[in-house]
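What follows is chain A paired twice: with chain B in the first complex and chain C in the second.
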Partner chain A sequence: MSRNLILGSALSSLVVLAALVSFVWTPYDHAALNIPDKLQPPNAQHWFGTDHFGRDMFSMIMVGARTSIAVALVAVGIGMALGVPLGLTAAARKGSWLDEVIMRGNDLVFAFPSLVIAILITAVFGAGAINAIIAIGIFNIPVFARITRGAALSLWEREFILAARVAGKGAARISAEHILPNVANLLIVQGTIQFSLGILAEAGLSYVGLGAQSPTPSWGRMLADAQTMVSFAPHLALIPGLAIIVTVLGLNLLGDGLRDWLDPRIRVARA
Partner chain B sequence: MLRYTLKRLLSLLVSLAVASVVIFAVIEVAPGDPASFMLGVNAQEDTLAALRAELGLDVSKTQRYFNWISGMLVGDFGTSYTYRTPVSQMIADRLWVSLPLALYALTLSTLIAFPAGIYAAARRGKPGDLTVMGATQLGIAVPNFWFAMMLVLIFAINLRWFNAGGFAGWDNGFWTGLHSLTLPAIALALPQAAILARVMRSSLLDILAEDFMRTARAKGLTRRQALWRHGVRNALIPVLTIIGLQFSFLLAGSIIIEQVFYLPGLGRLVFQAISARDLIVVESVVMLLVFAVITVNFLVDLAYAAVDPRLRSRT
Partner chain C sequence: MTLYSVRTCASALALGATLLASQALAKSDITIAMQLEPPHLDPTSAAAQAIDSVVYTNIFEGLTRFMGDGSVVPGLAEGWEISDDGTVYTFTLRDGVTFHDGSTMDAEDVKFSLDRATAEDSANAQKALFAGIESVEVVDPLTVKITLSEPNGNFLFNLAWGDAVIVAPESIDDIKTNPVGTGAYTFGDWVQGDSITLNRNPNYWGEQPALETATFKFISDPTAAFSAMMAEDVDVFDNFPAPENLPQFEADPRFQVLVGSTEGETILSTNNKQAPFDDIRVRQALAHAIDRQAIIDGAMFGYGTPIGTHFAPHNPAYVDLTENSAYDPEKAKAMLAEAGFADGFETTLHLPPPSYARRGGEIIAAQLAEVGIKAEIINVEWAQWLESVFKGKEFGLTIVSHTEPMDIGIYARPEYYFQYDSTDFQALMDTLNSTTDPDERTRLMGEAQRLIADDYVNGYLFQLAKLGVAKAGVQGLWENAPTAAIDLSAISWSE
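Let's turn to the complex of A and B:
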């Protein structure tokens, strides 16, 4: 096991653990207002200090981790659930009109950065965490479709696939039974990277007001709230920022570590 | 090359056409009639009808789509529902902030990433390489808008070298304008520089393993001469592709950074338009951003094919 893998899994587990524990316990109620204790810097009672309403920042960070993880995880799920079958289909029908349509469609979706998709959705349906999930999820689809197709194409040339065809298996069955298990490692690694990009994107979207809305706690919104107070209460901006960095860094290291551990030959696209 | 160019041009036009239909269709799903939104619930039916006619809303959806597209082709983006001014004028004003910001950030990120990537590759596995790689790992993990807030805290609030926000405008001189875009450009450039430095390093490492590099050393060039004359130049090809792709992300990314610095760019315009339900502005800005992404990718593909003839046979 590499250093990357150990450090990456340690940091990622820490964040996931904080999110899980927040369901049963937080030091304080994350939504409880306590104006007399407002804007305290980190201290023994409030490890991460308090915000302008006197809410405990540590509890807010713990609960905020839930939003970040949920949004990024579901977005990766959407990307995989739609992108992988598309990629498998395109590879199985290589060179056909179906392959062409799928890949051109992917190029088109790629031209819409997740922020732009979020702007479009919000303009029509209003802001919310669901929009962030959809926007990031749509952006993930071509990422998974491309990487699946690329890996599947080289597998289709292999002899064991030829053997499966000789045995009378159809393209769909070969894709599911032989191609998919062989691209799984690659998908796990890319999934980790997209997860970390999703955390960053969610923070950005909720920062500009296109993501999770009050009262759902979110790291990006905490940063937006902190903006006007950063001069006299820097901890309001520092702490949510560090939470994002630790999470993204952890996931990236985990992704790199997993890649080296599962298969040193595979290369991951980092858009 | 001509055949390849025409083929890519056709695919560019198809992409743009499909993208415009998608954007128009999504915005059309939006509930509510802009005219009644503007005039309020007590508006008279004939006033509403007159306003709809003025805004070009009294025709069928297909007709409106073609009006929108044909207008855009000649630079007419329609009239803003809230400000009653031409959308093209509003966008042009804001582009004078967003576009220079994106270009400034692109320049900075290239200036940081090239030396860092070349340095790391030349010292592969040594402490210098590990330091650069560690820094880029961190750079990728830092959200640019948070980094922007930290820059404001340090360089504007504490050191007072820059203003915390706002844009001085180009009318007060080029350097004044550039000065107020400096912190936003740095914030925008950092994560991109981290990615670019990693691409530069791995591309250069691939080249350094090539036979012609050994030949260059064998004919008597020093390590440094071989690196600069043959290594860096060949490594630049994939790096340029990434730079092209980054430009469109910088343009979109500037939308978030503008919020931190209260810059009057495309981002502010689009967010104001969303809250005012000025959908024609949203529609046009989104189309413009998507147009920029698709066109830049097209140009990168062409430049790439011009440099590397092997790519022309691929689609």
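Let's turn to the complex of A and C:
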């Protein structure tokens, strides 16, 4: 196990843990306004201080982790659920019109700047966590489709696939039984990376007011709310900013570590 | 060599002299920032406040005008006579007033302006101001006779509005992009999305103002507003959008902060035709569920005066009715239960961009949640708000500041977006409009305030404060905002 893997999983599990614990316990009600106590710097009662409405920042960060993780997780789920079958199909029907349609469709989605389209989608269909998930999810589809197709293509050339074909298995069955297990490692690594990108995208959309809506806490919106107050209450911006950094850094380290650990090529080289 | 040094000395002296001279002369230009850019520059065909901020008294003038303290004084009319029955106003116009294009301002222009405002197809945003005008007659070039269908104690006040300014038929076609008025400043340049420049009018009929040019700069983002002010890129911010930054300006000797009042009654507008808000008990519950002080402290950082009705507290006729809708969540719950909503209900809360609405909305949503009302927050831009809320009436609740002066009359318009339809109130407004006796008017205005407070038409939150920020050397700024205006002729630099 590499240092990256250990540090990455430690940071990521810290964030996941905060999100899970927030379901049963937070120091304060994250939505309870307490205006007389507003803008307190971090102290013994409020570990991360209070925001401009006197809400406890620590509780908000915990519940905000939930929002970030939920949005990113579902978005990656959408990408995998649609992208992987598309990639497998394209690889199985290599060179056919179906392959062309799928891959050119992917190119089309790739060609658009993702955040701009996400803004367009949420602007047209209304701001909210659900639309943010869909917008981010759509851009995960081609990522997974491409990576799956690429890996699957080289597998289709291998002898064990030929053996399976000789045994009379159809393309769909081979894809599910032999190809998919062999690309799973790659998908897990890519999933971790997309997960961290999803968290950034959610924070970005919330920052411009198109992500999760009040009173659902979101790190991006906390940053946006803090803008005019940074000069006299810097903790309002620093704390959600650090939360985003810790999460994204953790997930990237985890992804790197996982790749080192799981990637067969590197494993072979190591052996 | 000698010659050379003598010459250098001379030029150094000359340079020094120029420097001294320029220091002795006060600055003659100013950059004033505002949050919103006007959609166009015709104050007589749109409700946008930003238009009046730029053009009112600067480019366009009316027969009467507002002063900074809210009083109404003669404008283009030198004086007037009112017939004994209060229905005929004879205005004497100032002699020698010209429009910026050189044409003379006379009685024909007054007739044209008022006829245009009262016309069937008039685009005027405040047609109610002119509703009582029966006819406008030109007696001679400097005399206009206006006949009203019934006495209107507010008539001179109405004529002072930016919607009632005098325009010329010759330049009316291009008024939106090239406004030609009679004011102390002429329209210079408009860089869309950035700024509008006005220049001093050398042919102005009145006293020449101190400033030669003025630039109105549009900065909508509160963070950018703060940086622009701190970097001294702008000299004045007309109404600073981020109240949380004011203590920093106050502590900085480079700046002055002017906290005044506006005519903006900030209210939780309620769709009176939409269930369950058509039930007065639900509206009353709403009113008792709201803690005004928390909203003022949380959203406006303490700037604002609580109101209990739709009336400005600085008006002598104001009645303090805040107790009528005092914060009492238990009572609110009881009222909801009585109306059949013991478990609360769901509604929408549309929030336009200003921080009083966005932040106030978050606080109100939390307060409503306390009594079981789940208000879904929908953030909208102004264009969307005008389209779906103001015109479309598709909303449950919304927060907005009504910044027109003395606008309680909107409650007599059943088609107005909050759709309050009370024949009692409409009759009361008719009586008020035809009453000229000041004491009786005060009494009637009090009655009107009580009526809408007792009907809990809307949630009455607070009177919006005017939060001006300016460099320390700027003088003559309006502290209060009796109407949306930035009166350039009153502004100067101190040395």
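As a working rule, the second predicted complex is superposed on the first by the 264 of 271 C-alpha atoms of A that agree within 3 Å, B and C clash if a C-alpha of one lies under 4 Å from a C-alpha of the other, contacts with A are read in each partner's own complex, and residues count from 1 in each chain.
Throughout what follows, a residue touches a chain if its C-beta (ideal position, glycine included) is under 8 Å from a C-beta of that chain, and two chains touch if they have at least 3 such contacts.
Computed from a predicted model, the values in this text were never measured in an experiment.
In the superposition on chain A, contact of A:Thr122 is made with chain B only, not with chain C. In the superposition on chain A, contact of A:Gly209 is made with both chain B and chain C. Contacts of A:Arg104 after superposition on the shared chain: chain B is touched, whereas chain C is not.
A simple residue count on chain A separates chain B from chain C, and the partner touching more is B. With both structures placed on the common chain, the touch criterion links A:Pro113 to chain B but leaves chain C unconnected. Of the two partner chains, both chain B and chain C are touched by A:Gln227.
Using the contact criterion defined above for the overlaid structures, shared-chain residue A:Leu262 touches neither chain B nor chain C, since it reaches no partner. Once chain A of one complex is fitted onto chain A of the other, the partner contacts of A:Ala237 are limited to chain B, with no touch recorded for chain C. Shared contact residues on chain A (touching chain B in one structure, chain C in the other): 209, 227, 231.
Partner chain A is touched in their complex by these residues of chain C: 222-223, 226, 242, 244-245, 247-248, 294, 297-298, 359, 361-363, 365-367, 369, 376-379.
Against chain C, the residues of chain A that register as touching in their complex are 31-33, 35-36, 38, 52-54, 126-127, 209, 213-215, 227-229, 231-232. Across the complex, chain B meets chain A through its residues 11, 14-15, 18-19, 22-23, 26-27, 29-30, 137-138, 140-146, 149-150, 152-153, 157, 195, 198, 245, 248-249, 252-253, 255-256, 259-260, 267, 270-271, 273-274, 277, 279, 282, 285-286, 289-290, 293-294, 297.
Contacts from chain A toward chain B in the complex involve residues 104, 107-108, 110-113, 115-116, 119-124, 196, 200, 203-204, 207-209, 223, 226-227, 230-231, 234, 237-238, 240-241, 244-245, 248-249, 252-253, 270-271.
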